[in-house]
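To keep things simple, chains are lettered A, B, C and D as they appear, and every chain counts its residues starting from 1.
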Amino acid sequence: MKDLIIAVIGAGSSYTPEIVEGFVQQREIIPVTKLIFMDINSDRLETIASFCRRFMRHLGHEIPIQTTTELSAAVSGANFIVTEIRVGGNQQRVLDEKIPLKYGVIGQETTGPGGMFKAFRTIPVMLNLAHEVEKLNPDAWIINYTNPTGLVTEAICKYSNAKIVGLCSGGYFPRDAVSKYLGVPKGEIFYDYFGLNHLNFAYNFTIHGRPLTDAEFDMVADHVHGGLVEKEIIKNMRLIPSPYLQYYYHHDRLVREYKEKGITRGEYVQALEKEVFAAYADPAEETKPEALKKRGGGGYSEIALDVIDAIHNNRSRPLIVNTSNQGTLRFLPNDAAIEVQCLVNASGISPIQLHDTPAGVWGLVAAVKNYEQLAVEAAVKGDRNLALQALYAHPLVGQSEIANPLLDEMLEANQRFIPQFYSH
Amino acid sequence: MKDLIIAVIGAGSSYTPEIVEGFVQQREIIPVTKLIFMDINSDRLETIASFCRRFMRHLGHEIPIQTTTELSAAVSGANFIVTEIRVGGNQQRVLDEKIPLKYGVIGQETTGPGGMFKAFRTIPVMLNLAHEVEKLNPDAWIINYTNPTGLVTEAICKYSNAKIVGLCSGGYFPRDAVSKYLGVPKGEIFYDYFGLNHLNFAYNFTIHGRPLTDAEFDMVADHVHGGLVEKEIIKNMRLIPSPYLQYYYHHDRLVREYKEKGITRGEYVQALEKEVFAAYADPAEETKPEALKKRGGGGYSEIALDVIDAIHNNRSRPLIVNTSNQGTLRFLPNDAAIEVQCLVNASGISPIQLHDTPAGVWGLVAAVKNYEQLAVEAAVKGDRNLALQALYAHPLVGQSEIANPLLDEMLEANQRFIPQFYSH
Amino acid sequence: MKDLIIAVIGAGSSYTPEIVEGFVQQREIIPVTKLIFMDINSDRLETIASFCRRFMRHLGHEIPIQTTTELSAAVSGANFIVTEIRVGGNQQRVLDEKIPLKYGVIGQETTGPGGMFKAFRTIPVMLNLAHEVEKLNPDAWIINYTNPTGLVTEAICKYSNAKIVGLCSGGYFPRDAVSKYLGVPKGEIFYDYFGLNHLNFAYNFTIHGRPLTDAEFDMVADHVHGGLVEKEIIKNMRLIPSPYLQYYYHHDRLVREYKEKGITRGEYVQALEKEVFAAYADPAEETKPEALKKRGGGGYSEIALDVIDAIHNNRSRPLIVNTSNQGTLRFLPNDAAIEVQCLVNASGISPIQLHDTPAGVWGLVAAVKNYEQLAVEAAVKGDRNLALQALYAHPLVGQSEIANPLLDEMLEANQRFIPQFYSH
Amino acid sequence: MKDLIIAVIGAGSSYTPEIVEGFVQQREIIPVTKLIFMDINSDRLETIASFCRRFMRHLGHEIPIQTTTELSAAVSGANFIVTEIRVGGNQQRVLDEKIPLKYGVIGQETTGPGGMFKAFRTIPVMLNLAHEVEKLNPDAWIINYTNPTGLVTEAICKYSNAKIVGLCSGGYFPRDAVSKYLGVPKGEIFYDYFGLNHLNFAYNFTIHGRPLTDAEFDMVADHVHGGLVEKEIIKNMRLIPSPYLQYYYHHDRLVREYKEKGITRGEYVQALEKEVFAAYADPAEETKPEALKKRGGGGYSEIALDVIDAIHNNRSRPLIVNTSNQGTLRFLPNDAAIEVQCLVNASGISPIQLHDTPAGVWGLVAAVKNYEQLAVEAAVKGDRNLALQALYAHPLVGQSEIANPLLDEMLEANQRFIPQFYSH
C-alpha cells in the first residue's frame, strides 16, 4: 500500500480538527497514512495534535500525527500540503477590521484594505513556503486555505513554480442553497460560476439539465445567505452573489452597523477561540467542542477533501477553485487568479468554459482584480506607491482623501509583520 | 467647385458661433458652401443665425446659413451633421447635478447618475436622428458633440448603421499641457491615450520620439488641470488623467464642496447664458461677447474641424475620438465605445494600437464601461431594472441603499423627457 | 420508472447493431425503454430491425424497436437522436474517393474534396433534421455520428438552435494506444487534445499525473496507428496525431498508392456490406456476422454511450467531442466547431481549457478550419464561388489549376444530391 | 543644423544608388548630412561609393560618403541604419531556387524552403547587428530591407531590444494598381491590407472614402500584377493578393515552368549584376546604367524614404510595414511579425486596426506564420528538428517524403553559412 502523507501548515489553527475529521470520514477514498502538523507556535501545535489523536481514537480510526516547527521537515515528505496560516494572528485581524472603519471604509478580513494588509503580511511567508516546496518536493500540491486565497494563489502562481490550488467553501454555497430551498439532491444541480474569491456570482442554474423556473429562482433568492445581499438585487440580476458582495451592495450601511456594534468579528473569534482552545486542551475532551459551531466554517474541509480525492485518485471532478485565468475570463489578464469551475485530476487544474458571462457584474470583477494585481505586486515588492495605487483601484476606496491616511495608519499598525515595506 | 454643406443640429446652442468661427478660420482647408442650422426652439435658432451672419460679415467671410426646425430637412442634404443637442435643457441638467448630491453622490453633467439620466433623455432623440440619416443621407457623417458622447456614440453604433464619430476636446488636454508647461510645439508631442470619454488617461509621452524625463513629467504634473486631480496621484501613476477623474479620486470632498457651494455649474451656466443670449440678440453685436469666455469650452470646435478636414480632404490624421472598440482594448467588449487615438480619413475611423496598457487603471475603465453598457441598454429599452443594475455597476454608486431612492427620484424628475420608461 | 427513448436516424446502417449491443451492455446505466429506428430505405430498415430484435433476444435483453420512414415521427418523442446518415450512399463515397485522385489530390471520405462534397450532400439534410428537432422536441439532444461530423456540427450550431454534439471515436485513440503499449489502465491516462475532427493532436500525456518519460512516449510512437503517420514525425513533435494526418504528412505517396491499388475503401466497403447485409437478412443469424469485423469501427458506440450516460445521468464526465469553440482555441473563430475535451453533463457541453497549445501545428489546424468554414457556408448557400474559395483554402488543394476542374467534375457527379447548387 | 546620418549596411549592393538617389530627391524633407557605407566586400563597397559620389555630383547635390568594413563604426553614429545584406550572395540564392525544384517544390528567394534557408543564413548576422545597435546606439532605427524581411524582423523583435521596422515595397502595389488602372491620384486611395511579408491581401478599397464599384474592382483585377495571380481568383475573393501568392495558387504549374526554363531568377540577376557593376566601375559613368532597369525593384527606396520622413520629421504617416502583431490580427500570436498599415512617427510604429478580416485567407496566413515562427526559432537555435517541423508546417511542403531529403540537401549546400546548425 502506497503512502499518502498530508502536511498541515499552521496546524495550530482551531480548524484543524475538522480537517482531521474529514480524513477519518473519507478514509476509504483518501487513505491517509500519516499527518504532519507544522506550526511556529509549539504550544498550540501540541494542544491541537493531542486533541486530534484523542478525537481520532474516539472516531475509531487513528492516523499517526507527527509534529514539527520546521517548515522544511513538514513539506519535504508530504503528498499534499494544506496551508491555513494567519500571519499576525487575530490581533492583526482586529486592526484590519477596525482601522478602515475610521475612514468610512468597511473593515473586513479579506475584503477591502483589511484584506490587502492580510495579503501584505501573508504573501511573503507563503512565497517562502512555495519556494521550499519547489526545492524539496516539487511534485507535492499546495492546498491553500490561507486567506486572502485569491491573492495568495495569484502570488504563488506568478512568483514560483510550485503546484497550488486555492480553496474556499464559497463555491458550494449556491449549490447548497438550491438544494436546501428547492429540495433537490446536490448532485443534480449545476451552474455557471465566475469571478474572484469572495467576489463571485452563480447563474444559469439547472436541475438535471433543466433551467430553474423564475419561481424556483425567486424561492432561492428569498432565502439565500439569510438576506446578507438583499433579495431584490439577486432577483433583478438573476445571479446568486457571494455573501461577501454585501460589502459592496450595502457598504455604507454595514460601515454604520459595524461602527455601532463596536466589537468586531475578529474580537468575537478571539474570545471564542479561547473557549475552543480550553476545550481542546482538556485531556478529557475527545469530540469537537460546542463552541466550535459558533466559530463558523462548518463544511470547511469538504472542498479540500474533494480536491485531494480528485488528484490522488485521478478522478476527474469539476470543482470550484482558484487558479490562473489563462484566457478563461477574456476581460481579465491571463495571469490573474480567478475562482471558477475547473476539471481537477492528477494532471492538474483546468478551467472549464462558462456558457456565457453575465452582463451586469464583469466591470466590478475587473475593478477588484485590478486592485488585487496591484496589491500582489505591492506585497512582493514592499512598494508603498503600488499599495496606494491598489487602494485607488479598489471600488470601496478609490479616493485620495481616504487612501492616503488609511494607508499610513495601516502600514504603521502592521510594521512588525511587513518588513518588505521597511527594508528599502 | 464641389458643395460642402454642414448641418448643425441644436444650432440654438451658445456654442454655435464658435463652430462658425472655426469654419471661417479654416476656410482654405474646409471650404464650407452652406450651413444648415436646425433647432426645435425657433427663437434661439433665429437669434443665433442672425448673430452668426453678423459675426461672419465682421470676420470677412460669409457662409450662407439656412435655418429650419425640421430634422429631415437638415440632415438630408448635408455632408457633415454636427450634433450639439441638450434634451431637457439646462433645467434638467441642474436636477442631474442636484439630486445625486442628496444621496452623497456627485452631481455632474456627464459623470455618475446625472450623466446616466442625460443619456436616458438624449439617446432616443439621437437614435431617431441616426435613423433619419440612415434613411435620407447614409453617406453623411454625424459629428457628435452631444453629451454624454461616449454613451451616445455607443448607442448609435449598436442600434443604427449611420456613420458617427463622438468628439470631445479632452483628447487635446494632455498635448496642450505638455506644450504649455514644457514649451514644446504641439506637433512634436505624442502619447498613448486610452479609456472612455471623460474617463481617460494619457501616458508614454514623447517629444519628437524622446520619452519625457521624470523631471519634465513632474513639471507637467505640478500644473496640469490646475490641480483638479491632485498631483501626487499623477506622479505616482505617471499618467495624466482626464480632469473628470477628480470625481473619482476626490469624490467625497467634492460632494461636500458642491453641497456647500449651493449653486451648481448648470445654474451658473443658465445665468451666464441669459447674458450671452442677450448679447447675441443685440443687433449691434457682431463679435463674441465677453461673457462667452466664462462659459468654458474654448477650443471646443478644434477637434470637429480636424475630423472634418481628415474626412473631407481624405488626409489621414491621428485624432483622439470616440468609436467602437473592436478589439483595441482587449479587456472591453468589442461593441464598447472607447476614446482612443484613431486614424481618420475619408474611409472612416480606425483605432491605432497602444504601445501598452497602464497597470493601474484598467479596472476602473472596465467598471465604468460596464455601467455605460447597462445604461445604454436601459436608455433604449426604458427598463428600470437595467437602470438599477447600471447604478450598481457604477463605482460611484454601487450600493442598494443609495441606488434605489436615487433612481426613483431621478426617474420622476425626468418623467417628461424619458417616455420610454413610462410607456410599458 | 422514467422513459428513455433513443431514435436512430439512418438506422439502416450496418453499424446499428453495434449501437444496440452497446445499449444492451450498458442497460444498468442507460436503461433504454424504446428504440425508434428511422431510415428512408424501408427494406434495409426492416432487415436491421429484425436482426436487432433477434440479436437482443440472443443477448438476453430485449428493448422494443419501433420502425418508421417519417423523420418527424422519429424525432418527436426521443430523448436522444442518434444520427448516422449517409446521403448518396457508398456510391457517392466512391466518387469522393476516385475523382480527386485524378487531379493528384487524396480521395477520402472526410479529408479533402471528398469530405467537402460529403458535407455538401449532408448538411442540408441534417439542417432539416435539426429544424424538425427545434420545432418538435427542442429538449432532445442530437448525438451526431454523421460525417464529416465537424462540418455538420458547425453547420447545425450556426444555423439552428437544436442541441447537438458531434462524435468520433478518434478522441479515445491516444488513450487506447498509451494503455496498450505501456500497459496502463485507461482511466489513469490523461492528455491535452486539440484540433478539429480528423485533424487533431494529443500531447502532454500523464499517467496518474506523472508525465510520460521520453522512453515511454517513444514506445507509444513506435507503434501507434500501425505507423500510418511515420514515427519520426511523432517523436519530433511529441504529439500523437489523428491517423488522418497521414493524408497530410504523406500525401503524395498515398495518392500514388491509392491510384495503384485501384479499388477504393468505399468499393471495398460496398462489397463487404453486401456480405454483412446478407447475414443480417438471414432469419437464423442472431449474432454479429464475422464480416462485420472487417468493416472497421469497432468500439464505434463507446463515445455515444459515454455521452448519453453523462447527459442522462447528469454525471459530469470529461469527454472528447465536437462543439463550438467559444474562445477555447484563441486562434480560431468563436463559432468554429472544434474537437476538444469537454465537460459533459445534463447542462450541456463545456470545453475544458488546455494546458498549452503545441507550437508546431496550430497553423495547419487554422488552415483546415478556414476551409471548413468556407465549405459550410458553400453547403448552406449552394454557392460555387465559396466552394472554390474553400478549395483554395484547403492545404491539400490550394491551387487554381487543380481546384477548378476538380470542382466542376465533382459538382456534376453530385448533381442529384446537391440541389442547393442547382436551384439559382 | 542638426546632423542626419544614414548608415547603409551591405552598401555594396547594386540597389544602393537608388537609395542615394532617393535621398537627393527628398533632400528638402530628409536633409541627410552624411552617408556611411558599410560592406564586408571592400571592392564592391568602393566601386559603389565612387559611383554614388559621381552620381550625386551629376544630380547636383553631394552628400559626403564615408566607407567602412567595420560594423561597429557604421552603426555607432547613424540615426538610421538601412540594412540590405545578402548572406551567401547570389550563389546561395541560386541554390535556394534550384534545390527545392528537384523535390517538386517552388524554388524562390523568399517563399518556401529557399526563404527558410535565406533566413537561416541571415538571422544570425542580423541579430549580431541588432545587438551592436543595442549596445552602441540604442536610439537608432534599423530600416530593414534584408529579406526575408518578415522573419528577420520577427527574430530581431523577439531576441533584441533594437528598434526595427521591416520594409517591402509590396504595400504600395495595390495603391499603384488602382491608381494606374482607374486613373485616380494615389493619395485618394485607401484599403485594408493584412498578412505577412510576401503573403498579404488588400481589400475594402476606397477612393476618397467611396468604395470601389464591382466594375472598378474588376478592371483592376483584370490587369494587376500582369496576371501573375489569375484574375478569376482575385475577382472571386475581391482581394488583391501579393504577387507572391502565385507560388501558392499556381504552385505546380510554376514548378513545371521553372524547371523547363532552366535558368533561375538568381542566375539571371548574377549575369545582370556583372553588367551593372561593370557600368558602376566605369569612371565615366555618372548616371544609373540601363541594365539596372532590368534588375527590378524600381521604387525600391520609396517606402524607406517615407518611413525616415515619418520618424525624422515626426510626421504621423500611415505606412505599410512589418512590425510585431501585439493583438492586431487576433488569430496570430502577439509576437508574430505582420505586415499591416501602421502609424509611423518619432514615437515608433503602431498598427492600425483593420475594418474587418477577409473570410477566405486567414487560414493560409496562419499556416505560413506557423512555419515562420518555427523557422525563426530553428534559425536562432540551429535546430534541425525545428527546421523539419517548419517544413511540415509550410503549406507548400507539409510532407515527410519531401521535407526530409530536401532539408538534408539544403543543410549541406548551406553548411558554410549556417554554423549554428553545425556547432552542437
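Everything that follows uses one rule, which is that contacts are C-beta pairs under 8 Å (C-beta built on N, C-alpha and C of every residue); 3 or more make two chains touch, one makes a residue touch a chain.
Nothing here was measured: the structure is a model prediction, and the numbers come from that model.
Common partners of chain B and chain D, by the touch rule above, are absent.
Traced through touching neighbours, the fewest hops from chain B to chain C number 2. Put simply, the C-alpha centre of chain A and that of chain D have 55 angstrom between them. Inter-chain spacing, taken between the CA centroids of chain A and chain C, is 44 Å.
Counting partner chains per residue, chain C shows two or more touched chains at residues 330. Two chains count as a pair here when they touch; such pairs are A-B, A-C, B-D, C-D.
Looking at the complex, you find that chain D touches chain B at residues 187-188, 190, 204, 206, 208-210, 311, 314, 316-318, 326-328, 330, 343, 345-348, 350-355.
Interface residues of chain C, counted against chain D in their complex, comprise 104, 230, 232-233, 236-237, 248-253, 330-333, 359-364, 366-371, 373-374, 385, 388-389, 392-393, 395, 398-402.
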